[in-house]
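Okay, so here's the structure we're looking at.
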Amino acid sequence: MISSHLPVLQVVVPLLAAPLCVLLKRPAVLWAFSLIVSILSAVMAYLLLQQTADGNIISYAMGGWAAPWGIEYRVDTLNAYVLLIVASISSLVLLGGRKSIEKEIETARLSHFYTAYLLCFAGLLGITITGDAFNVFVFLEISSIASYALISLGRDRRALTAAYQYLIMGTIGATFILIGIGMMYMVTGTLNMHDLAQRLPEVSNSRTLMTSFAFLFVGVSLKLALFPLHLWLPNAYTYAPSIVSAFLAGTATKVAVYVLMRFIFTVYGIEYAFTALPLSAILMLLAIAAIMLASMSAVYEDNIKRLFAYSSVAQLGYMVLGISFLSVAGLTSSLLHLFNHALMKAALFMALACVMYQQGNVLMGNIKGLGKRMPWTFGAIVIGGLSLVGVPLTVGFISKWYLILAAIEAGHMLLVAIVLVGSLIALVYVWKLVEQGYFQEGDEKITKQEAPMSLLLGTWFLVLANIYFGIDTSLTVGVAESTAQQLLGVSP
Amino acid sequence: MILATTAIALLIAMMMTLIRAILGPSIFDRVLAVNAFGTKIVLFLGVIGFLTERPDFLDIALLYALINFITTLAILRFFESGVLISHEDKEAE
Amino acid sequence: MMLELIVNYISYAMLLLGSFLSLTFGLGLLRFPDFYSRMHAAGVADTLCAGLIIFGLMLQAGLTLISVKLFLILLFIWFTSPTSSFTLASTAYRCGYGTNDKGEQA
Amino acid sequence: MSTFLELYNYWIFIFLMMTGFYIVIAQGNLIKKVIGLNIFQTSVFLLYISMGKVANGTAPILIEGGAPYSNPLPHVLILTAIVVGVSTTAVAMALIVRIQEAYGTIEEQDIHEQDASL
Amino acid sequence: MEQLINVILLAMLAIVAIATAKLKDLFATIILFGIYSLLTAAIFVSLDAVDVAFTEAAVGAGISTILILSTIALTARTEKPSTHSVFLPLLVVIVTGVTLVYGTLDMPGFADPDAPVQQHVAPRYLNDSINEVGMPNVVTSVLASYRSYDTMGEVVVIFTAGISVMLLLSSVKHREDELGNLKDLKHHPILLYVSQIMIPLILLFALYVQFHGDFGPGGGFQAGVIFAAAFILYGMINGIDNTRKIFQNHILRWLAVTGVILYIGVGVVTLFLGGEFLNYNVLTEDNLAGQHYGIFLVELGVGIAVAATMLSLFLTFSEVRRSQ
């Protein structure tokens, strides 16, 4: 029974666990419960990935109603891959995050916090797995509403305005997506993605369809924080509680990238998106702008969380750049970066959670001598930073390597240069951190003062994953490549 | 035909109350207008139900009447507290 | 047959009268000079027009569940509309709207 | 001209959408923004419901001789969307109450000024 | 005729929208917003979407308006004149509008029975749902059976909102100030008397809407809102504190959780009975009876969850005191 119902259990288990969380009281129980649910999800995602690895597509008809009349879950390698990313990042973040959560969130609110966390998590899983266009919107809203609340829990009052800003922009984005879906429905009469894909070519010269594409693209870009629609992201990540930043940085934008890929490649089809519309050029331009401008903003940033948030916008640029090549190599690099960036950012934000735990802020001026005070934490930041730059033996290197290969393959030598310059800028801001941490003298009186073991353990788990997947690339590259081939319809 | 005339007459009356709600000038005029508007729309829905030969939609009209009452009270409750009365409201036009 | 015709005509008359009154009172709401007289127009319209129109519709529907529902709506309007009008007026008065300090109309 | 009347509902949808959207991005008051957001969303509901309408149709509640019926699917979708809308509004209002408590104002500009002066 | 009514209603809607944008008095804006919702709902009725009209009226003119009102009462009534440059917003809005106009030019005509929307997917609901689900109200069939999973998402959304609001407002200090909290309306004897008659009737109406959703407009969500509305009325007239005595926080929380779990639980039970998630056919041997049980249960879940969440939203907002 379990294996055939795996797709629905993937979402229903956290969804069922969330309301139960409200009824629990003890912090330790809450934490353990959420962690178990999260790990369970990760295991299920792994099983799904295994089942779909050979190009097999699992279809699950909700309520027993065949698609397109009912809602269908349709799992292929891409879904399973993103599901695994979301579930494992969530598990790892929760694993190490208990101390940080309990420090930053009042005890009385903990049960609601974990409920919101699980709802957000379930929402993200739901977006990723569904094969129904409208269902995407419903789960998008579950995860968004929960994340507004989660972000607003930050201690700084600016967390409130950040959450409000995100709410407004997120709702505009979601409504744009709704308009896009509506117009798509209008010309085809169906909401099922697979069915849409088959019916859209018939109406491909309709202006309504083109408008629907424009609205969907802008709506998803808002959620994805694609440059210049990224304005909500830096504030949201900066002022959210540390663990929430780590979780969202590792998952939310990745799911948005997935939605973009799904709509471009599966629903509208390559033919329509790239031949009828100049999507490739648009994506490329936006990606270049994101890489250059967001990286530059990061250099001048004084708050380290915000620094990494800007770097996230830049990194999203790399993913979009990969998509714009419309080649197996390009898509492989995007998919790889999806996973790799999730690992990097989760690790970095977890490390920042350690810093936050000890000193209550993460301003550049206050991390002087941090390398001595918190050697392990700072070590994690340095390795994560190197990964961000793309130094060999880290995951960052792998995705950049494939991206450069794809650029060379496509004959865009300028883009190779841009990727390299982007990495150089990343090196600049990482170096700024290193300089502050290792070469500036901090407060002499404070001696060694490391973060709690559990937090460090979670952080280093992620850091080691950064290194492991930087060395042993067989799993990630293999999956990414076969997924890319599937998406482009190229037989391996 | 008669029903249609009634519907149109109600629509015009709705339009008039709407203008009152927009013009104000005081908040009480607006509340008055919204209340009158609610009653008109309830009647309008009743007539529409007959016009389209689906009078079982009267449930909706009933709900409107209910919601209208509650909203009016909700607004009035805030006046009672006095928190929201601005200076202009106390002055005659 | 005859009876049916008469009932129909009565119903039409009520509907037409109701719509005429709703228009006049609408005009009153729009044109009367001050809040309290506007309130008078709206209040009368609510009860009288609603009564006429709904009774008109009830005559059309005959003795069915629909009539019962219509009657409920009417009851509802007759209960709530004067209540909220009264509450509104008394609140406005208490807040001192449109009156001078002695409580006389300005 | 026939197309204009045929698509009248859609023009109004576009107009309302533009109005709502304008309120959201141009107004500085946080509550006003949310009201704009609601108008914006409602306009999309109108789009969906309009596309489900069938000429001379009636509500999709089956009765004898009732056909043709309007399309029930957009209705179902919009029911969900309305719920999403009220949920967003509720959360936005809670945020605004908190912002008022923390900043003493709900004007975007004043908030920016306060943040900048830190 | 229908066309004319539609055109007038839509024109009024446009007027209200403009007025909403222009007015600086937030109180006036919210009153207009209430009218706006009622109008939208009336348009939905004229476009045959009665269930949607039901919900829009209850939610837009009812719950949303009351929540926004409470917030205005806690913050400020008038808005400051904006010193923003209007150029950029106007440009963005116009670009969006033009894009949409461009898109509409190719749209199938309004109410065209041959439009793709009417050709694919929907005919099955209209033709076969009576045999497959067995309910005259096709909207309920689609909502609670064909696309029941979306509806589950909907319940979770409202639950999420409830949790989020509690997370946000639980820490706000409930202090009294010289302006006092929002009073009850007990000193209006007429109101008190009328409400005593009304509230039981409203509750009865809510029950009717809950269980009549198979045959007419209505269902769990609408019933839940009406149920909450009855107690909101009670709360406004008899005071929030008295209402809280009946509905303490933990009771509402339990109820909301019960509603959500009931919905998802039905799905889980169908899994154990060997069907797909939310496949009601497996609940009994007879498919139609199974569908009926399933829909009854999930609608009940929706009703409970929505009523509890809405009421708790209202109470939570009402308990926040105005701070200076």
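Here the chain labels run A, B, C, D and E in written order, and each chain numbers its own residues starting at 1.
Heads up, the rule we're going with is that a residue touches a chain if its C-beta (ideal position, glycine included) is under 8 Å from a C-beta of that chain, and two chains touch if they have at least 3 such contacts.
These figures come from a predicted structure and were not determined experimentally.
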item: Labels of chains that are neighbours to chain A and to chain C; value: E
item: Where chain B and chain C overlap in contact partners, by chain label; value: E
item: From chain D, the most remote chain by mean C-alpha position; value: C
item: Chain pair with the higher count of C-beta pairs in contact (A-E, A-D); value: A-E
item: Distance-maximising chain from chain E - centres being C-alpha averages; value: A
item: Inter-chain centre distance, chain B versus chain D - centres from mean C-alpha coordinates, in Å; value: 21
item: Cα-centroid distance, chain A relative to chain B, in whole angstrom; value: 48
item: Rounded Å distance, chain D centre to chain E centre (Cα mean); value: 13
item: Contacts with two or more other chains, residues of chain B listed in rising order; value: 14-15, 31, 33, 52, 56-57, 59, 62, 66, 68-69, 73, 76, 80, 82
item: Of all residues in chain E, the ones touching two or more other chains; value: 50, 72, 100, 104-105, 107-108, 115, 117-118, 121-122, 125, 147, 150, 153-154, 157, 160-161, 164, 168, 185, 191, 198, 216-217
item: Sequence positions of chain D contacting 2 or more other chains; value: 17, 21, 51, 58-59, 61, 63, 73-74, 77, 80, 84, 87-88, 91, 95-96, 98
item: Touch relationships between chains, expressed as pairs; value: A-D, A-E, B-C, B-D, B-E, C-E, D-E
item: Touching residues (chain side chain E, partner chain C) in the complex; value: 185, 188, 190-191, 194, 197-198, 201
item: Footprint of chain A on chain D - complex, ascending; value: 17, 21, 24, 30, 33, 37, 40-41, 44, 47-48, 51, 73-74, 77, 80-81, 84, 87-88, 91-92, 95-96, 98-99, 102-103, 111, 115
item: List of chain D residues in touch with chain B within their complex; value: 58-59, 61, 63
item: Touching residues (chain side chain B, partner chain D) in the complex; value: 52-54, 56-57
item: Chain A - residues contacting chain E, complex; value: 1, 5, 8, 12, 15-16, 18-20, 22-23, 60-65, 68-71, 106, 108-109, 112-113, 115-116, 119, 122-123, 126, 132, 134-135, 138-139, 141-142, 145-146, 148-149, 152-153, 179, 183, 185-191, 199, 203, 206-208, 210-212, 214-215
